[in-house]
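Below is a structure I'd like to ask you about.
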Amino acid sequence: MTFFVISKVFRIKNMDILSLFVTVPVLTILALVFTKGLKQARIVSMVGSLIQLGMAINLVFAYFKERAINDSIMVFTKNVVWFEQFNIHYAIGVDGISVALLLLTAIVVLAGVFISWKMTDLPKEFFISLLVLSTGVYGFFISIDLFTMFVFYEIAVIPMYLLIGIWGTGPKEYSAMKLTLMLMGASAVLLVGVLGIYFNSNADGGALTFNILEIAQVNIPFEAQKLFFPLTFIGFAVLGALFPFHTWSPDGHASAPTAVSMLHAGVLMKLGGYGVFRVAMYLLPEGAMHWDWFFIILAATGVIYGAFGAIKQKDLKYINAYSSVSHLGMVLFALLMLNKTAWNGAILQSLSHGFMTALFFALIGMIYGRTHTRDITKLGGLLKVIPFISAIYVIAGLASLGLPGFSGFIAEMNIFVGAFQNEGMFYRIATIISVSAIVVTAVYILRVVGIMLMGPVKNEAFLNLPTVTWYEKTGILLLLIPIVAMGVAPLWLSDMILDSLQPFIQRVL
Amino acid sequence: MNFTYIILIPLIPFVVFLLLGIYNKKIKPAVSGYIGVTGLSTSTLLSFYTAYQYFFVHGKVNGVYQTLVHKTTWMNFTDTLAIDMGVLVDPISIMMLIVVSIISLMVHIYSRGYMKGDEGYTRFFAFLSLFSFSMFGLVLAANLFQIYIFWELVGVSSYLLIGYYYTKNSAVAAAKKAFIVTRFADLGFLIGILMVGYYTGTFDFETLNNPEGSAILNWASTSFMGLSVITWALILIFIGGAGKSAMFPLHIWLPDAMEGPTPVSALIHAATMVVAGVYLVARLFPMYYFVEDGFALNIVAYVGAFSSLFAAIIAITQTDIKRVLAFSTMSQLGYMMLALGVSGYDGHEGVGYMASMFHLFTHAMFKALLFLGAGSVIHAVHSNYLKDMGGLRKYMPITNATFLIAALAISGVFPLSGFWSKDEILVAAFEHNKLIYGVGVFVAGLTAFYMFRLYFGIFWGKNTQYKHAPHESPLSMTFPLIVLALITVFSGFIPFSEFISADKIGFETHINYPVALLSSFVAVSGIVLATIFYKKENDLSDKFAKAFGPLYKWARDKFYFDEIYMFVTKKILFNSVAENIAKFDKKIVDGTMEGIGNKTVVVSEKIKRMQSGKVQDYAFAFIAGVVIIALVFIYMLGN
Amino acid sequence: MIAGISIYEILTVTSILFFIGVYGFLTRKNLISILMSIELILNASVINFVVINKYLYPDMLQGVVFSIFIIAVAAAETALAVAIIINLYRQIASVEIKDTEIMKY
Amino acid sequence: MNFSNFLLMRHEILLLAITLLLLVGEIFIHKNKKGSLVHLAIFLFGIHTAVGFLQIEESSLFGGMFRTNNMIHFFKNVLNIGVFILLLQSAEWLQEKIVNQDRGTEFFILLFSSLLGMYFMISSGDFLMFYIGLELSTLPVAALAAFETSKRISSESGIKLILSAALASGVSLFGISMLYATSGSIYFNEIVEVISASNLTVLGFFLFFAGLAFKISLVPFHFWTADVYEGAPISVASYLSVISKGAAVFILMILMFTIFKPLMHVWENMVYVVAIATMFIGNLFALRQQNMKRFLAFSSIAQAGFILLGLITGTQLGVATIVYFVLIYIFSNLAAFGVVQAISLKTGKENMDDYNGLYRTNPNLSLVMMLALFSLAGIPPVAGFFGKFFLFTAAASKGYYLLVFLAVVNVTISLYYYLLVIRAMFIRKNENPIPFFKNKLYMRLGLLITVVGILVLGLYSPLYDYIYELSSFLN
């Protein structure tokens, strides 16, 4: 409904459809400042993120429309000079990839708002921080200027500190500090890389620039690429939970409140993969070629390592955090495989993991909210007492172990098929290692399902747990629908992504 | 000739599944039962209609049964490689349609009685429909990836159905085991698919199986460790099949799978899903046969033979009737694999192929019958164990009769269906590989023996005193028994080779009398032996068991394979690897990150004395700083 | 311009003077004497300016003027320092440097 | 000579006038109306600040001893703004603590004369003017540091400051004398012609540099900073940390980029080393601090280290980024000090633990503090980020990637301790938190201006462009 209205508005006024992705959350935040109490706060943020979702959906259609008539790399571009001296622009634009990720963000954010419907402690501040985070993410996905991108990146990361610190549980201060420092440290490394790229962006003569599309036309000298690719890659990949820099994620997730875990695992961690792809690999292709092997080792290790790490965990959130390490390791792995199919898989995996893990955290939150424990050994037979939540949990589990009919499958298949395009023993072994992760994944997922959901009811107190509420249901469905949709009819999505990969192929391969 | 309507066959059960799944709580049990049955019977009718259309209306085109494919792109991998969704119609897929639909329908009907009053009634039917959907999809799959997709789906529905009694820990464990073992096998399958896809550039069965196609002709192009990569791929794919069809050594999940409700065992773990492996090999038969002169095919043959022997031996010693049947299933599947393994391609050479499909068909019928019969017994005495049974023939005549028919059939007694299919298999083996033939014959004997051990153990033997007298099951349960019994009796006379053959041309089959006589003799002697041991209550069997001593014990404990697997997974993988990785992560990886942070703080503690609060120290630092800097840089300036 | 004494000797003297000052600053216990050593340091540079002016660039008086200003400023400095020291003395009845170490680390 | 020339010294003259006016006011205003002096001072200085923005032509006076140009003019304005905010923030403290001791004017006179000194220092065209300016800017601050005569630590900090300052200026003078010896002049424009990297010159330069490094509190000349800040009244500490540091940075930059440019190959390595040392030492010490003033002292040391990243370039870009950074730094640091000021004034609490749970009681103050700290830590979108980023860009433009890397490592460390404060205010609970209180108008105004500055300076790019143009005076 909303998006029709909005779309009409845009058609008529032909406004800059992308900047709204930043302005609307900002306006929502401003509105939130004047709210009083939980009721108003949540309504406002709900409306805000609903509009956002509307815009995202509208964007998808608009994108297809535009794509038909416009075959430039980025569409809906807008370019405003910001700092003339440094040739910094507020430059935005989207291609299929960013459109998909924007949609993901919009959905997850809305779901997050629903999930935190009963956030009693400092609700206003909570929603504000949540929306600041989302603003950062939106901005990151739409910007095609390294500086702007970097700014939004940090805007997205820093609210995590307060979100975990204030509303978290357990050793929240510790986790929050650890998470923030590791991510900011990474972004610090990234900054050097970005500057490196910037000062080599005039290699073919011409002015220094931060604009990704312009840099992509430049042949940055190989020495520079060799030096700055690792910096840029690691800088982003830490956020993508690259082994061995993933340790912030288990603690962070475990301590974070539900909605935050959702946003963080579902959306924020995608910035990592996206950045790696859009910046590190797109701008420094030869560097990528050169360091390929090294990071493939790390990524593949991460995949299998995360999976094994998850097997023995007791805390639901830890399990999920480690599975994220594994799944996102898959993303990085696929990106490094340097071919179209694998890249497509990587993007699909980002999306599908975004939805799945968000769903997982939502469910964990509900279970925790009811049973007040996340220790699976203390839980049991939940299928009997909270059938809906448990059933969805099973489905999410099956989706995450790559069952056909769900998003995970198509993503992984693309990755594997893509990875298999690379001849050579090294690639083969790496591929087979990562493929074998699907078995381990099955093991830890079914372990949880077996212990927690099935079996006899362990605790008498569980026999009368409150059933699922409407807002919880809404949140769940918001996330479940895309998972299934992607899994059943992947064609349009994967094709949208595939044709956006062309420039990368020309640049990198 | 358009077969697109075939997609209805899987879709109807799927719709039913969604219906029952989503409105689980709202729909009354009785209603859901009807919905399920109706849905499935529609599919069944359609299947039969299709079969009729295909074989008799459409028939052969210049002497060959055509392979008809209707497909649409589902997802693009590369410019050349894509996953299609479609239906592939050829003799074996039709035959599988028939098998699946009949058994599934029977089981549906049967379950209405068997599951009556169970709280999860609707859920049960939902899962059954889900399974039927996946199985139909599997048999109709037009390419490797599609078959893999439904392969996984049947796997998961089997998981759900084995774990149907999810409050029972044993059931949960069994379900988990089944899923993970098959998943492990599927890993091989998947890698195989990837290799095929990469080296042949297609997933489509049509292209792959074309004997003149590039896929088959260029098998030698790339090789790895002395074998063609294609061969490796086929071996890996066979691993997948072996997992589903419970071939040694991936069989361990099948016996435990009996934790599921008996109709499920009948449907999934006897008649349909477990034959998927056989079907897969049959699907790719031309590849198996032509690539590297059937190297992979030999592996199939030997694995099959060994499994059938191995399972038969174990079956003799089991006391849980469902487990006996489970092992017998495994052994029969071995038979089918063996048959495929020894088969040739064109004309009468391909008898093994035909026989295997034939046996698949007949076995599905009488094995389902056996399970359903066992189910009705269990229903009556509320126990799975032979020791709680005996002399039931008086109480439940129909079950007794049907069970007997099935037992005779599986033992291969003339003129029941089992006889014909088994005979063809032995013929094929006899013509190609004497060793395997020997194994086949021996297994035939064993089969007859353990089946009648079972039969007598249930219906004759000691006259157990029951607390409340067991009674014959209701019509809803006995009806399927009768139907299946009839099929078992007569299906042997179908001229199978007319319809199904490796080269799709079809050929005449004649009974090979020596083989037939020998096998019949073996079967009968097996039966006789069993009669002596078990018809009347006596201690012969125990003496006999003692005579074998340890061998018997090992067989009874399934040669300790579960324990070995347990050791590998639990001890090594989980407790060593996973545990240590978890530790490693906390201690080392996280430790370093922590360490960096803590070190900084420590350092700042260490250097705090510099800020001593004494102006003179500051001044000293000041002067020293200036002097040092000055000296250093002047020195540097010097050179 | 003093006959028979080259600029080097004088500059040597001033340097020594400077370092005596520094030494005093670093070692004296008493705030007042530390002030005195500061005076030494300043005077060292005062002499420097005068001498350099006289010996090297006699045609302009920059150095001399500078030195006068330095003297003036030095006086102000000392005055202020003494004032503060007295203020401290009022509170703790001591002008020892060791009594000004309560703020540290 | 034509007296209109004196308009070049408009800032100085006006400020002097104000100072005298206040002195007169001190005499005539009745004893129990002294409070009004504060209003008067703020009012007058406000005008002074405003008038400062009027254009001024570039020229020099007194045979080049005093010179001014748009850049210098801009510097003075920046300092004015800083001082004005400072006055607003300290007004309440003055009225409640100082005026009733009948010492209000002293404060203003000392403060303004020190500011006057800075004007002269910045405008100085020769070493004599520079030296006088330096002393004039330092000595009154020493007096101010010891201003709370009743407090022992106040006098201690006074002593520490005066002694260190005296030593510093002494050393610096000695260096100047050497430069005089080698170049034969104390006029910058004459020195620059003859200067060359002879040993004596280099030695002289380093001695001279130490004097300024002391004011900017670069390692190893920084030790006085923490103690003096802690002991001195907050306004004075804040003045030291922003205004006097800022002024010193400006003049240092001017000198380094003009007369010592020929020595660049010498001092860039030196700056490199000192920069690293300063950032690390500053941060490592800041980690453990509990007392907010001390905490901010060390943080300001670390910030000085970042400034050197711009200095090392020796280019127009460097100048622009430095000035931009200092401007932002002034606002951020004033905001932080302002909050500390307000809290310690109401409750006398200056420790980090006392801030626990501050947000629940005083949300606005905490938010201001958070913004200030984010700005200091360099978190977008607040101004600090842009300042830092541009400094790094400047350094990177010369290829100092390693230096930039170390700098960003330090940014992360600094983020840690800034977050500690935020943790205290937002996350930690406190059984007896600082009670809610409302600030007086001046304080609120003072904080408001800083907040606006923090939010706007970064995002408003024309400002940077303007500065960049100004910094063209180099070439």
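Letters A, B, C and D name the chains as they come in the text, with residue numbers starting at 1 for each one.
Everything below uses one rule, namely that a contact is a pair of C-beta atoms (placed from the backbone, for glycine too) under 8 Å apart; a residue touches a chain by one contact, two chains touch by 3 or more.
These numbers come from a predicted model, not from an experiment.
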| message | If I rank B-C and B-D by number of C-beta contact pairs, which comes first? | response | B-D
| For which chain is the distance between its Cα centroid and the global protein Cα centroid smallest? | A
| note | Cα centre of chain B to Cα centre of chain C, whole Å, reads 98
| request: Could you give the separation in Å between the centres of chain A and chain C, each centre being the mean of its C-alpha atoms? | output: 66
| note | In whole angstrom, the CA-centroid distance of chain B from chain D equals 78
| request: Take the average of all CA coordinates in chain A, do the same for chain B, and state the distance between these two points in whole angstrom. | output: 37
| field | Multi-partner residues of chain A (at least 2 other chains) | value | 181
| note | Touching at least 2 other chains, the residues of chain C are 22, 25, 34, 100, 102-105
| note | Among chain B residues, those touching two or more other chains are 597, 608, 611, 613, 615, 619, 623
| Which of line, ring, star, complete and other names the graph you get from chains that touch? | other
| query | Pairs of chains that touch, anyone? | reply | A-B, A-D, B-C, B-D, C-D
| field | Residue numbers on chain D that touch chain B, as the complex places them | value | 159-160, 163-164, 167-168, 171, 197, 199, 202-203, 206-207, 210, 214, 219-221, 223-224, 226-227, 266, 269-270, 273-274, 281, 284-285, 287-288, 413, 416
| task | Show which residues of chain C lie in contact with chain D when the two form their complex. | result | 18, 21-22, 25, 31, 34-35, 38, 41-42, 44-45, 48-49, 52-53, 56-57, 60, 62-63, 65-66, 69-70, 73, 76-77, 80-81, 83-85, 87-88, 90-92, 100, 102-105
| Interface residues, chain A side, partner chain B - complex | 178, 181-182, 243-248, 305, 308-309, 311-313, 340-341, 344, 381, 383-384, 398, 403-405, 409-410, 413-414, 416-418, 420-421, 432, 435-436, 438-439, 442-443, 446-447, 450, 453-457, 490-491, 494-495, 498
| For chain C, which residues are in contact with chain B within the complex? | 22, 25-27, 34, 97-98, 100-105
| query | Can you list the residues on chain D that touch chain C in the complex? | reply | 127-128, 131-132, 135, 139, 142-143, 146, 149, 152-153, 155-160, 162-163, 166-167, 169-171, 173-174, 176-178, 180-181, 184-187, 226-227, 230-231, 288
